[in-house]
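The structure that follows is given in the form of structure tokens.
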Amino acid sequence: MNARTLAKTLTQVVDELTRPESYKDLYHEHSNGVPLPSGEVLQKIIDLARGIIFPGYYGRSCINTTTLEYQLGVDLDQLYHLLVGQIQAGLSFSNFEEDMAVFAAYSKRTVCMEIRRMAEERAERFIAQLPELRRVLATDVVAAFNGDPAAKNYAEIISCYPVIKELTIYRMAHILWGLDVPLIPRMLTEMGHSETGIDIHPGATIGEYFTIDHGTGVVIGETSVIGNNVKLYQGVTLGAKSFPLDEEGNPIKGIARHPILEDHVIVYSNASILGRITIGRGAVIGGNIWVTHDVAAGESITQKA
Amino acid sequence: MNARTLAKTLTQVVDELTRPESYKDLYHEHSNGVPLPSGEVLQKIIDLARGIIFPGYYGRSCINTTTLEYQLGVDLDQLYHLLVGQIQAGLSFSNFEEDMAVFAAYSKRTVCMEIRRMAEERAERFIAQLPELRRVLATDVVAAFNGDPAAKNYAEIISCYPVIKELTIYRMAHILWGLDVPLIPRMLTEMGHSETGIDIHPGATIGEYFTIDHGTGVVIGETSVIGNNVKLYQGVTLGAKSFPLDEEGNPIKGIARHPILEDHVIVYSNASILGRITIGRGAVIGGNIWVTHDVAAGESITQKA
Amino acid sequence: MNARTLAKTLTQVVDELTRPESYKDLYHEHSNGVPLPSGEVLQKIIDLARGIIFPGYYGRSCINTTTLEYQLGVDLDQLYHLLVGQIQAGLSFSNFEEDMAVFAAYSKRTVCMEIRRMAEERAERFIAQLPELRRVLATDVVAAFNGDPAAKNYAEIISCYPVIKELTIYRMAHILWGLDVPLIPRMLTEMGHSETGIDIHPGATIGEYFTIDHGTGVVIGETSVIGNNVKLYQGVTLGAKSFPLDEEGNPIKGIARHPILEDHVIVYSNASILGRITIGRGAVIGGNIWVTHDVAAGESITQKA
Amino acid sequence: MNARTLAKTLTQVVDELTRPESYKDLYHEHSNGVPLPSGEVLQKIIDLARGIIFPGYYGRSCINTTTLEYQLGVDLDQLYHLLVGQIQAGLSFSNFEEDMAVFAAYSKRTVCMEIRRMAEERAERFIAQLPELRRVLATDVVAAFNGDPAAKNYAEIISCYPVIKELTIYRMAHILWGLDVPLIPRMLTEMGHSETGIDIHPGATIGEYFTIDHGTGVVIGETSVIGNNVKLYQGVTLGAKSFPLDEEGNPIKGIARHPILEDHVIVYSNASILGRITIGRGAVIGGNIWVTHDVAAGESITQKA
Amino acid sequence: MNARTLAKTLTQVVDELTRPESYKDLYHEHSNGVPLPSGEVLQKIIDLARGIIFPGYYGRSCINTTTLEYQLGVDLDQLYHLLVGQIQAGLSFSNFEEDMAVFAAYSKRTVCMEIRRMAEERAERFIAQLPELRRVLATDVVAAFNGDPAAKNYAEIISCYPVIKELTIYRMAHILWGLDVPLIPRMLTEMGHSETGIDIHPGATIGEYFTIDHGTGVVIGETSVIGNNVKLYQGVTLGAKSFPLDEEGNPIKGIARHPILEDHVIVYSNASILGRITIGRGAVIGGNIWVTHDVAAGESITQKA
Amino acid sequence: MNARTLAKTLTQVVDELTRPESYKDLYHEHSNGVPLPSGEVLQKIIDLARGIIFPGYYGRSCINTTTLEYQLGVDLDQLYHLLVGQIQAGLSFSNFEEDMAVFAAYSKRTVCMEIRRMAEERAERFIAQLPELRRVLATDVVAAFNGDPAAKNYAEIISCYPVIKELTIYRMAHILWGLDVPLIPRMLTEMGHSETGIDIHPGATIGEYFTIDHGTGVVIGETSVIGNNVKLYQGVTLGAKSFPLDEEGNPIKGIARHPILEDHVIVYSNASILGRITIGRGAVIGGNIWVTHDVAAGESITQKA
């Protein structure tokens, strides 16, 4: 094997890989030349948001009350601009022209401008919800602290606990999900999943004072509904039991298929709760068990020993 | 404690740590001066491969059919050169001279040149298998999409789903494993393990249309054999039940000790399947259970409630 | 929505987010202007320590016995200086002045200088324990190698295995925990948790020749005590069963509430061992089970099939 | 001076610096939100162009004839995209709407789109001129080699000589100048000026086989005209002698006011040639002198000793 | 030559270079452990100051009147903190304890705290002078524009012209010089010298509406005094003619030895004006000449042709 | 102009630029695949050498006598390895096989190994000369300090003065020149030229206690010979007056054609000294003049006023 055979191999592999049938479903080129949302920029967005919500813990290390206003102003401005770019990328990415008949008669350039306008509007709406986002995350910090005797103070919760890192991302993603931003909410929660081992779908609905201890392996599915003051442990699954197929044998999308957990529910480690069932207020689910039927309020169920 | 005692402490710790008996098994210096495979370079290799296999989703963001050929050419060329360096490092790292009696009579420099030649040959063979690698990964994308009602389109699968990130790495590592490249396949799959929480040994054999939902905590052992159209959920273990020890009490390496899953098997979350058993075609294994015996084709087994 | 409304939104959100009641528990400003411990610097500290303990595997790639002394000298010196800065940050971060009545009469500047002195002293003590740290980690390498038939050599263990990455961090964090360094031990172990999926509290006590196979999802609580030659598999929890509340309904901190595992215990995947119970010498705990009572030495318990 | 006075000082200085009259001529905000051309991106453009023109000397270090086509394709594609962005920035920057009455009736968005179209067209024209650009630069390499007995080979000329670094930039900038791209040509030549000490205005006209020895301090003004085979030494000025003022006392822009050097002229170090004079074919101008009148073809003039 | 001789060479060179007599005047270790001012941080300081003075041209590219206040606030805050660190380094660097008898009785720690306080005070004074600094630089921009028929608009002056880059640095350095900050003013002006080829000593006094055309090779000595509306061309030297030696043959420091240029003076390229002479109001000095005597107001002198 | 014409333009320009006749003299591909010396690595080499020679001023900022030995050891080791790579690149770059008949009969691989061996030998010789290099540079620091009344202390000289930055590079390059290392000495001195405006050919011979004030525009040609205690000012040229051509009209290389300056010579700003003439001991050359004949010892010559 020498330089000549190498050149031949390279050329041949390039040829094979550039055959359209070889990449048809694996290739993305949007007609308006806007690239995909970028993992690197989304990470920057997460970092900015963490710094805005938890000043002094994340983001700029030298912060004080004199300059807090300047710093929030600059960070919010940058967050807004990064979000506009990413939301525009997300909107361009989805099969937008097909989805929205309203654009049918528009030129490509006009569609591109309209997408830009929509991105600006949604980014602004996201910014406007940050104070409420911070308020709710503050309740999660309280819940994490109260739920762990090992925690020394709020500072340890905010700077170390995976649940807070993940909920900051999930709650941001959930706002974007509510604003019909495509793709980005899922990219964000998968970034949180990789960082913390906690996999929360951005479509899930989660109340205040929520916490997850340790967290690795937790899965919370798209149509889950979680009340206030709920606590999960590591490895808990809130999943679908099965899902109906359409006539072509493909899963039907969008059906409510994950559990409802009412207020003050506790689920211990590695329990799996599956299907559109309801776990009643204050119920306790023991570890390592498999639950596929409703559990009444206040009830406790555990593994048969 | 002052500057003088600090200097003394530093000097003394340096002395202790440079005593050969303190580092004898923890220290790597290959005689030919080639450094170890580098995590940083391997990450670059993963990034390049993802960009080649999923153009526009990973790698260069500005891609179009005009320039696709140029870009694949450049990326393959760089991938080849990085691989040569890393494979050379991996080969130098293993106890090569001991292993291969053929080199016994060679000078150090000649061994070094021969290792280089072997690295070039294996890197070229890896490159030649990329079109087939892409073809199989395309089936995994289809499986992930069909298996998840929450998935909106292939694009979401390719850009977000941990199973695709992990399988890209595992399938690359498995090719290198087949080419007898030391160490690198394991380094690659542990990098994927850290990123996705899915731990697949590069020696495992996995068919087409394979998918894992969520994925955190999945373990697939070295001698596992998985057919086509198999689906796993988070937390599933395909492990060894026990392993025989040799006369000195050390585990005997290389014995088939992990399960065989035939086509169309489904395994639900946190199930553990252990030992060289066979799960027959179309069998369904329920969550949170512990399976150590064969399961017949088409059978379903679940946790006792 | 146009530039004017955007400006208004930004200004308004800045106003809301700078209201002290909105950030009171989420904001950190230490009175002496020392920033928090930094994740980036702690990562550098981890990298340096790995290079010092496993020369040639981590850290500088071009290492040889001639220059080993120079390189350890430089790396220890840098490690010391980074540690002083981080420990100082950690000490400043805790409510130091409240905690230590001895400082009550001191001026702010004097407290700041005293904290610096304490940081220097603790960093030096940490450095002094590195030779012992290396000795114990060498036993962990042996345990990981003996416990896994898939492992080819020590080199693979050291450069790939998550358990070694995690134990290096945990054992460093445990030393700092013993030196009463606030916050940093938990930050370190959560960094390891994110990298490896293994969550070990720095307060846990762990003997020699310890190993964890695969590791994802393992949780080892603050007051756990683990003997020598213990082996865990992925998903194992050593947790608290419940914790007493004080009069205000908050968990009482600092009570021994996690299990004791004596020498030569094995715990299989996804088992949960909860509460201040004792698993006797040589006991074997099967997978996916929930253990809340003592297990006698030599006993084996498994899931009811 | 304490924290309170510092806060006051900061606030007051911010107030003063945000008064519009304090920054009116020093501040740039284009109405369409396009930022200025970026020095960082222009440096990337220079680096790409050098790599395209002198393959193997600049740009990618691992180049060979097999992959040259791929690499040029990728680099040209990137160069094109970077240029479009920068030219768009340059066009947006100039007082475009005022300058071009044709846009008077357009909306802001339409102007923005039209500017984009113009930028794409000019970037493409620039790309189309690269082969000719390379041809001319090759003559400059020959001239530099023939003009310096210290030069060992063309490689030394290409990789070391400031004149080649500067001429690559100047000749690029001159093409952009000819395409009526605002600001960028001057930014490019000032970047070359900073790197090499040679200050060539992009409006100057320079023939083939041009060289400058050493180069520091050379100035070549906007309306200079230089023939073929001309050689300058360090410190030479081709400047204006004086310039007429308009009725308001401001210099009148755009008048031919710099010298014409015909073919085969040589000018020695630190000579100053000023005003719209002609230095005839083959004339030689000695060092450290001040020339303000025509010099006949073939004549030599030197400092009076 | 082999590994053994290399190890010996390295060891021997280390030995020679660590002999104190070999580095006694070339080595810097301040007793309080504060490092030297850092070129990298000073560059950051220059970049911040340019962005504050010329918003939109330097620094943040996305700036608008809504966020200008936030951005200046953040940038000034960062500038202040970087300056405190560098001034502290500069003060620690000088032989402070020797210079200032007032510290004689202080402990090392107290001196260190006092230096910190002085650094904070001087940094704040510097910040307070920024509005005036901007006002004067605005006059320099006008002068550069009026002095060059090739300049299209203020924007080109601000973003391209070396004279503005250099004067921004010089005028900052001159303020620090006036605040008795050691070393940093000279480091700053040498950084400008390297970037622009213009060498202005921070001690020089320069009026408003000052400009230098092209600039390479200009030297303006420490005790030069320049009035308003003065214009220089490239290569001009304002130097010392000679300097008296003290009894030991060393030059006596601090004597006024450079020229005085009154208002409205013009000096053409490569002229050298040497010694404490006065060039009277409105005088014109021709190029390439050597001037060592006073020139009367309104007079023109040129090279003998 | 649209996407189709752009694709066509790109393809066509790639075609033109890949025609071998278009790049024949502008393209570098060494047959053994070793890339060219790298500007980036050479800059790292300069930075390392400055840190080794002037500890505490350049390189690591936290240095003290305890750790100086460790730090020099590590830095020298790294300097050696970087140099080996660059010298190997330089040797591979020159037309080595043509130049050295001795290699005629060797295989490519053997030549490559032999070049490596030569590179290692020369790098080691360079390292061995560092103590002498430092000794001579210390004399240059003294000369710069004594020659400038504005200099406050050695520290200012070492950390700010361009002459010291340039002489560190020149003296390194001169050693490599003496070791017959191709290309790199010229690359190094052109890097210094760009940084300082001082252009010294690495072949020039320069004695101790040498200094250049300000420096911009100084040119010192390849065959110049400079004694001890010589001082130059900015803009001085030590150049060739003319150079003989060979039969083909090309300049004959390698002839002594630059001036000799004996001990204690002073040359003022912008003077040009040309040809193989001798400026005798203690002579003084005035500014802005053109000298082409010998000047006797002790003589002073100046511009005719």
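Observations on the structure shown:
In order of appearance the chains are A, B, C, D, E and F, and numbering begins at 1 in each one.
Here is the rule we go by: a contact is a pair of C-beta atoms (placed from the backbone, for glycine too) under 8 Å apart; a residue touches a chain by one contact, two chains touch by 3 or more.
Small disclaimer: the values here were computed from a predicted structure and weren't measured.
Least step count on the touch graph, subunit C to subunit D: 2.
Interface comparison, D-F versus B-D: the higher number of contacting C-beta pairs is recorded for D-F.
At the interface between subunit A and subunit D, over half of the residue numbers appear on both sides, which makes the contact a same-residue one. The pair B-F is the one among B-F, B-C or D-F whose contacts match those of C-E for more than half of the residue pairs. A straight line joining the Cα centres of subunit D and subunit E is 27 Å long. Centres computed as Cα averages put subunit C at a distance of 52 Å from subunit F. Distance between subunit A and subunit F, defined via averaged C-alpha coordinates, is recorded as 56 Å. Touching of two or more other chains is recorded for residues 6, 10, 14, 62, 67, 69-70, 72-73, 77, 197, 216-217, 235, 270, 288, 304 of subunit C. Pairwise chain contacts in this structure: A-B, A-C, A-D, A-E, B-C, B-D, B-F, C-E, C-F, D-E, D-F, E-F. Within the complex formed with subunit F, the residues of subunit E that make contact are 1, 5-6, 9-10, 12-14, 16-18, 20, 22-23, 25-29, 33, 35-38, 93-95, 182-183, 186-187, 190, 193-194, 197, 199, 201, 203, 216-217, 219, 221-222, 235, 237, 239-240, 243, 250-255, 257, 270, 272, 274, 288-290, 304. Chain contact summary for the complex, subunit F toward subunit C: residues 62, 67, 69-74, 77, 81. If you check the complex, the residues on subunit B that touch subunit F are 3, 6-7, 10-11, 14, 66-67, 70, 109, 113.
Those residues of subunit F that touch subunit E in the shared complex are 52-57, 61-65, 68-69, 72-73, 76-77, 80, 120-121, 124, 127-128, 130-131, 134-135, 137-138, 141-142, 146-156, 158-162, 195-197, 214, 216-217, 233-235, 268-270, 286-288, 302-305.
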